[in-house]
Each structure stands twice: as C-alpha cells, then as structure tokens.
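One chain, chain A, links the two complexes that follow: it is found with chain B in the first and with chain C in the second.
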Partner chain A sequence: MEESGILGFIRNRWYFILLIPLFILLPFLTPHHSLASEMLIFAIFAMGYDILFGYTGLLSFGHAIFFGVGAYSLGLILIKLQAPLLLGLLGGVFVTLVIALAVGFLSIRVRGIYFVMVTLAFCQMFYFIALKWAGFTGGDNGLHGVPRPPIFTIHLDSEIRLYYFILILFVLCLFLALRIVHSPFGRALQSLKSNEDRAKSIGFDTNHFKLISFLISAFFGALAGGLYALHLNFVPIETLNIMTSGDVVIMSIIGGIGTLYGPIFGALLLVYLKNLMSGWTEQWNFIMGILFITSVLTLRRGILVEVKQRFFHKR
Partner chain B sequence: MDIQFIFVQLFNGLALGSFYILLSLGLTIIFGMLGVVNFAHGALYMLGAYCAYTLVQVYSGNFWIAVILSPLIVGLIGIVMEFTLLRKLYDLPHFYNLLLTFGLMIFIEELVQIIYSPMGKPFNTPKEFLGSFDLGFMLFPKYRLFILGVTTFLAVGIWLFISKTKLGAIIRAGTDDSEMVDALGIDISKIFTLVFGMGAGLAGLSGVLAAPLQNIFPYMGMGILTETFVVVIIGGMGSIFGSILGGIIVGELITMGVIFWPPLANTLIYIFMAAVLLLRPRGFFGRVKFFE
Partner chain C sequence: MTLFSQVVQYTISGITSGSIYAVIGICWSLVYLITKVLNFTTGEFVMLGGMLTWGFRGTGLGLVPSVLFAITCTILISMIFERIAIRPVRFPSEMTYMMITIAAASVIKGVVLLGWGSETRTIPDFFGTEVIHVFGATMTSQILCVLGLLVIVTLGLSLFLNRTLFGKALRASAINVTGASLMGIDISRFRFFCFGLAGGLGAITGIVITPITFTGYEVGMLTGLKGLVAAIVGGWTMTGTMVAALILGLLEGFGAGFISAGLKDVFALLVMILFLIVRTLDLTLGKGRVTR
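And then the complex of A and B:
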C-alpha cells in the first residue's frame, strides 16, 4: 500500500532522484540551450494545469489567458516601469490572479461541458483585447523588447544562466504542487473530480474549492508565461490564442492526467518534438492535429502507462 | 444618424445572426443527443465554404448546385467522423469526445490549408442576387434577404421536424434518456449517426451561404465557433428557441457594436455573456439537466 502524504510519495518514488542529473545537464543535451528553458517553462504550465484538470476534473480551454496575461504583464512592468525582475514576476502573477478570480468566478457558475465553452469564450475575448489595444500591447506584432534585468547581482543574459534560474523555479513549483495535491485540500479536490454531488452533500463548499484550484493553476500559468516572456525577450500574441490552451491540454493527455509528473513529461516531450519536427516540416500544426486525435483515442492514461501496459504486460 | 441607416444595420445584424442560428441549431441538436460539444463545427462550416468555392469557382458550376451539394458532402463527412471515431468514445467521460473533435478541427483546418494554401479565396455573389430589393422603407441587398428567408424556413422546418415527426420524437426521447430509447428497441446508434450528419450538414450549409459575404480561408471557422458558443451559452444549450434568440442577440450586438463603439465591437458579446452567467447561468431557455 502507498504511504499517504508527500513524504510517502517521495519515498515511494526514490528513483526520481536519478532524473536530477538529467535536468542539470538538459541544456547541453538539447540542440540549443534555450530549448531546454522552453521545455521547463511549459512543464511548469502543465504541472499547474494538472491540478485543475487532472485532480479537480475541470477541463479549461481558457488557460492561454493566464499564460498570456502573465507574459504581457511581466513584459509591460519591465518595459514601462523599468522594474527589477522579482517585482516583474510578482506583478505579473498578481495581475493574472486578479483576472483569474473574475474569469474563475464566472466560469464555475456552470458545470461540465458548459465550463469548457465559457472558458474558451473568455480566452477569445482576451485575445481580442490584446489585438485591438495595440498602443498598449503591440497588437498583432506582439510586445517587443522585454528586457532581462539581473536578479539581485546575477545577470541572466546568457541562456544557460536563465535556464538554471528557471530550473530553480521549476523545482520550487514542483514541491509546491506536490504539497498541494498530497494535502487534505488536494484530497478534497479529488473527491470533487470523482463525484461533485457527493462531495457537496458531505459538506464541502465545492464552488469554493473549484475557485481555489482554478486560481492555483492560474498562478502556475502566470509564472510560466512571465518566464516565457523573459526567455523570448518578446511576447507573441499567440500566447493568448486558444491553441496555447490546446497545447497544454494535449501535453497533459499525452503525459497522463492526474499524476503531476505525467503532464510534466508530456510538456517536455511535446516541446522537444515540436522543435525537432520544425526542422523537417512547416506543417507542425497538422502533426499536432493527428497527435491530438491519436492520443485521445489511444493514450488516454498517458504514454508511459499505455506503453508499459502494452509491451510489458502482454496477455 | 438617420433612421434608415439604423434599420439597414438592424437587418444586417439579423442576416449575421442567421449564421449563428444555423450553426448553433446544429451544435445544440448534436449536444442534446450525443452529449458532445462538437468543436469541429467551425471547421465543418469552413469546409462548406470551400466546397462551394470548389464547385462554383473551380469547376464553374452553378451556385444552386453548391447550395444543394455542399451540405450533403459536409454531412457525409460528419457521418464518417461519427461512425469511425466519435463512436469509440461514448462510454468514456464526455470531455474525451470534445477533445477528439478539437483534434479533428485542427486536422481539418490544416489539411485544407495544405491543399488550398493559407491564402483567402474570392467568391462572387451569385448573379440572381446582385443588387438591392426595395422594402418600402429601405433598400436591402437581395442576397441578405435570401439568407434571412432560408434561415427562417430551416428554423421552422427543424422545429416542426423535432416536435411533430416520429423521428423527431425519438430524438427528443434520446435527448432525455438514450439508453431507455435503446432498450425500447430503437437502434439509437443509427439515430446518433443521423443527428451528427444533420448537424454537420447545417454547418456546411451555413458555410456555403457565408461564402459570398466573407473571405474564404482555412481558419475562418475558429472565430465563428467561439461566437456560436456564446450564442449557445446565452440562449441555453439544448433549446431551439434559445439558439434563435441567442443568434439574433449576438448578430445585433456585433453589428451595432461596430457602428457605435468599434474598439469594443469584438468584446461586447463576451461582456453580455458574462452578464448572463451572473444573472442566469443556464441561459435564457436552458434546462438544468444540461449543466452536468
């Protein structure tokens, strides 16, 4: 039997320690250093998204909002206020959480498939706002010239340094996420997923839990978005596009939802694959479509579990 | 601003609303029956427009042939989609099917983009509908009047079909409890395929009708899909009257927004949607059942 709690979780998965050197060496294993940063950024995004989708059972197509708003607000704070990096990151997260509170409050008033449609509609709305408010956001061209101020005295202008900065945040996020899903609060979220009505009838204020879960995942999304802006030195308007929401959904499905490490693996894999493929073909989105269809049909428990089941447990 | 201009714009809003009505009717019927929100609905609309383009501009066919054939072709594509893919996932939580249709949407859009190039395609207004018609108090383009006529005819037709025919009764029963209908000896899976094909055909027809009015390009379905979602959220999922009312509201909000406050035109409908969510989350004609 599995020990409960975070310590038990880690004790049962001690072999994950073997992955530590991999993460430290990652930028030297990828074709260029910045790809490793991008992989980790989406891993942070997918990890937070899994708390909402995998653990709470709410499928949101609106998380591009938080990724995008996180990126834009960090960029704007750094450009317009010339603020230090930490303030930019905190400010970006704060602005996003305020928006997430409004979007979450309205969206959780409806359930199930309605929730998907409402979050998707809000996503389109924020996309239009960024597109039309060109004087502020740069419109169609995106927000150019996001600086990379030093963190205290350490300069981040080299890609390697930025990678290790992101790695530190990634590890902190991972501990935070593990702490959340293995807490009593995390258990309550899982009870919502398996049967919302029952959770309500035993006395949980389900809307309250849903909103907090929504905000937590928005927090991870905002942080990832902010780091993405730093990584590119620029915020493309595509960050707010519905396809960005689609990306994080497919990362979660391919990796296996409700496991935390699954979506992380899915994000690393998909970002790497995208980079690899774009060297050969311009039709990455076409491949994405096929990947989406096949993984929903055949990889619903995540690629790791499905492969293990098919090749090692033959009957 | 003179009063006639306002009237023309009101009618333009209705013509735009027609597309939302046709699309949301298909979406709502499919959802009621299969429990699937078809994300590929916008892509099917786009396919309808490309069918019309191919039939009329490439093979220099007649517009009427396109109006008849394109919905049939798109409906057939819908039937194949349901029969080969969607069917496999009915026993699983509904969101898997939703994600499948999202994947299909990307697939269809990208395939069209590869075949026809991402460039927009022109489409001429059919000769019969050039010019305007004098309604007495104002002049209105003939083609938009034709769209209003077709939509009214179809909306009434669908309402009669669902509420008066035997097949419609089966569909209504299936919306409430499809397992029970199956247990009563009706082959519900055939009805599922038929309903999906019908919804797809309606989307295809809206695409054909939209072809002369807008630029045809591979991603034209995405914007209209989200707007159709807003229609369904406002009107209430699963209701024909909800689709009609929601479609008119969204069409008018967009058309009037462009005149009175252009920067906000695109966001107005989402603000309205937010207000509906605050005051009546199920939408005007929504049933409580569809919330789960």
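And then the complex of A and C:
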C-alpha cells in the first residue's frame, strides 16, 4: 500500500538515498567536471518540463523559449547591470515568467496538436527575434562574456564549485517539484491529463490550472537556462532553437514521462551520451533520432519505467 | 522600377511560393486525414527530392532520368518509413506519431548531411533561363513550371478523388476510418499508399523549386512548416489549403518586399498563431458565460 503525499513518497523510495553519493561524486566520474554541471542543468530543465508534459499532458514544443530567454536575460543582467549573481538569477526567472505568462495565456486555449503547433511557432519567433536583434543579443554569434560573479563571498570560478552550487539548486528544485506533484494541485493537474472535459465538469478552471503548470515549468526552464549561461560563460543562440525544445521532449520521453525521475534520468543519460560523441556533433541529431524512434517503439513508457516493470514487478 | 511593376513582381513571387505551400499543404492533409499522423517528414521529402535529383545528376545521368529516380526513391523511402516506424507503434496517439515523424525528419536530415555535406545545391532550370517580362516585372520559365505543377496536382488529385473508386474509398476513410473499414476498405493499404503519394508529391515539389530557391539539408523544416500552416488554416481541405497557401504566399511576397526581407519567415508563423488563437476566442465575450 503506497502512502500518499510527499512524505509517503520519500518513505517509499528510501533507496534513492543510495544515489546521494553518486551525485556528490558525479564531477569526478565524468570525463571533465563541467560535463556534470551540464547534466544537472538539463536535469532541472527536464524535471520542470515533466510537470507540464508528464503531469498536465501538454506537449509543448516551445520550451526552448524559457531556457533561452532565461539564459539571455541572466546574461544581459549580469553584463549590462553588473548585478550580483542572485539578482541575475531572480531577474532572469522574472523576465522569463513574464514572457511565459504571455505565451501561456495565448497558447493554452488551443488544444491537442494545435497547442504543439502554437508553442512551436512562438519558439521560432523568439529565435528569429534573437537572431535579428543582434545589437542586443549578439545575433548569430550568441551573447559572449557572461561573468560568474561570486555568490555572497563564495567564488564560483572553479567548475567544481559551480557544480556544487548547481547541485544545491537541483536538490531544491527536486523537492519543489516533488512537493508540487504530490499536492492536491498536482492531482488536479493529473486529472487534466487523463480527461480535461471531465475535470472541467467537476468544476476545475482548467485553463487556470494549465497556465499555472505552464508557468511552473517555465520557472524551471528559466533557472536551467540561467545556470547554463553561467556554466558556458556565454549564451549560444541555439538555446532558443526548436532543437532545444526537441531535446527536452526526447529526454523526457526516453526517461519516461510523468515520473519526474524518468526525465531526470533521460537528461543525465542524453547529455552524457552527447558528450561522448562530441567528436561527431554533425551525427548527433541522426543518432538521437534513431535512439528516440527505437525507444518509442520498444520502451514505450521510457527506460526507467519499463525496467522497473520488467525486473521488479514480475507478472 | 515603378510601384506597379514592383507590385506585379511581388505578386509573382507570392503566387510562386504560395503554389509550393499549397502542394506541400495537400501532402500534409493527405496523410493526416487518413492516418491521423502529422507527418513532419513532409518537408524532408521536399528536400530529398531536390537533393536526390542533384545527387543523381552528379553521377552523370540526364535531368529527366535523375528526376524520375529521385521521385521513385523518395516514394520508396516514405513507404519504408511508414512500414518500419509508423505501423509498429503500440498504443498509437497523435502525439506519439508526431514525435516519431519529428525524430525521423531529424534522421533523414542527418543522413543527407553525412552524405552530401551542408553546402547549398541546385539543378539547372528545366527549360532554359530566358527571362519573361510582364508589366515591367521579370519571371523565368521555371516559375511557370511551379504554377503548372499546382494546376496539374490539384486537377489530378480532384479527378482521382472524385472519379475513381479508389479515390472515393480514400475520401470515405478520411471522413470516418472505422466506418470505412467496416465497409471492407483496407485501411492499412491506404495508409501505405498515402505515405507514398505524399512522399512523391513532396519530392516533385522539391525538384521543381530547386532551380529557384536552391536546396540544402536544412531547407525541409521551414518549407514543410509553411505547408502545414496552409493546411491548418485551410481546414485540411484541398480548396481551403490552396486559398490559404496563396494568401500566405502573397503575404510573404509583399511583406518581404515592402516591410523586411529578413522577417519573411516570421509571417507564416504569425498567421498560424493568430489563426489558431483567434479561432478559440469566445466570441460571446461580455455576454456572460455560455454553458456547453
């Protein structure tokens, strides 16, 4: 019998504690320290995306907007205003949330595949804006020279320190996400996914819930984007490209949507694989496409869920 | 150039791109209506048509055989794709299909990039490069080919769909798949056929526009998307798609001419966003809630 609520969730999955040393030692296990940071950044991104896609059932192809805008606004705040780091992170998240409010307000009204199309179109538009507004965003070259200011008195210039800073944020995000998902609000989101019309007839204001879910996942995306800018010390224009949206969708699906830990696993796995093949970046989309098609055809519910089903719940 | 001839020029370029979007939009709806697959490889087939023709010409073949080979290859690729990636899906949903086609598009793009690199390619105009003057504006014979393609495709398809038994069965399954299969129509054969037809039409479109717009491994996505916009705005019908595509093309032509050529690609997306969102607006706003 599963206990409900977040405490029950954690108590039922105490063995996750075994993963803690893994995360602490991660930068020493990867080929170079900064890869571990990148893995965690995309894990935050995918985790937030899962709240929208896995729990609310809205497949958005516009999440690169939030990742990219988060990265650009943090970069611009740090460069143009010389602001301290926390202010930069907060500012980046704030700007992104304003944009997410506008995009979300317009697009959640549209259902099914049309929602996908609208978010995809918005994403392309933001990409074009960043590309054409080169004086502000650096255009095709990306935004260079994002500084890494100290957080209070701790300097973040070494990759290891940045990793632990990101790890702390990752753990906070994970608790936040678990808290959201295992709350009555989270249940309401899941009811939207299973049957939106029925949820509406029970009396839920579905658009309201969808918008909040959209904003929550934009928040995670913005945070991840901001950290990505810090991690690279620059913002590539590709952060706004729909391929970034595609990446996060694929990470979520490969890991297993609607589980939170599935997309996290997917993100860690794919970023690691991508780095392994860094010599063949041209082939990456090709390999990812093949990987994705096979995964959908054979492991429909994602690697983690299928493995769990097949090995731990023998039927 | 006088204003009048400018207007004529933009109209010509608008109608040209509009016809292209119309044919591509018809490819999207052919597949979507029958199989409920939003086939994102449509744009890649357009790209493949041009690239394969270029590739076959590179081996020393003449223009006509390479065009024929390119079309055949694309049809085969499209059908194989349906067989190995679309049909085996367990628990199909529109979303799953869409994700698979997006991934497949990325695979096709990857293969072309590996094989032929990222350079832009072109093939020569079919009937020479003489320039035709119309009211001070200029056009090439290739543009006439594009317009001819649109006319042939729409006439051919409407004859096929309305006059032949096979076409009528196809329309029936687009209206109601379950009903059609209960009447003994073999839906799975139709899906196969639709993918092939859409692949072939896409390839032909790609070949005809290559001398005008050039081709490269990444042109498929955007061209395909604009066709999709036309299909969505046109309500997935053939006439609707054509009207929407021509309006979209003209909008792009005039927008690029009078506003900014760089923003040309944004117009289509803007049209789609506006269309989809305006459609959902509650037009009884202010009259209180309407209970459904």
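A few points about this structure:
Here is the rule we go by: the second predicted complex is superposed on the first by the 302 of 315 C-alpha atoms of A that agree within 3 Å, B and C clash if a C-alpha of one lies under 4 Å from a C-alpha of the other, contacts with A are read in each partner's own complex, and residues count from 1 in each chain.
In the analysis below, a residue touches a chain if its C-beta (ideal position, glycine included) is under 8 Å from a C-beta of that chain, and two chains touch if they have at least 3 such contacts.
Everything quoted here is computed from the prediction, not taken from an experiment.
The superposed arrangement places chain B and chain C in clashing positions on chain A. Residue contacts after overlaying the shared chain place A:128 against chain B and chain C alike. When both complexes are overlaid on chain A, the residue A:252 reaches neither chain B nor chain C. Applying the stated contact rule after C-alpha superposition, one finds that A:206 touches neither chain B nor chain C. Residue contacts after overlaying the shared chain place A:59 against chain B and chain C alike. In the superposition on chain A, A:37 makes contact with neither chain B nor chain C. By the touch criterion stated above, A:296 is placed in contact with chain B and with chain C alike. Overlaid on A, the two complexes show chain B and chain C touching the same residues of chain A, namely 59, 106-107, 109-110, 112-114, 116-118, 120-122, 124-125, 128, 132, 246, 249, 253, 283, 285-286, 288-290, 292-293, 296-297, 300. In the complex of the two chains, the chain A residues touching chain C come out as 59, 106-107, 109-110, 112-114, 116-118, 120-122, 124-125, 128, 132, 246, 249-250, 253, 282-283, 285-290, 292-293, 296-297, 300.
Considering their complex, residues 38, 85, 88-91, 94-96, 98-100, 102-107, 109-111, 113-114, 225, 228, 232, 262-263, 265-266, 269-270, 272-273, 276-277, 280-281 of chain C touch chain A. Residue ranges on chain A touching chain B, taken from their complex, read 59, 106-107, 109-114, 116-118, 120-122, 124-125, 128-129, 132-133, 242-243, 246, 249, 253, 283, 285-286, 288-293, 296-297, 300. Note for the complex: chain B touches chain A at residues 31, 35, 37, 85, 88-89, 92, 94-96, 98-100, 102-111, 113-114, 222-223, 226, 229-230, 232-233, 237, 263, 266-267, 270, 273-274, 277-278, 281-282, 290-292.
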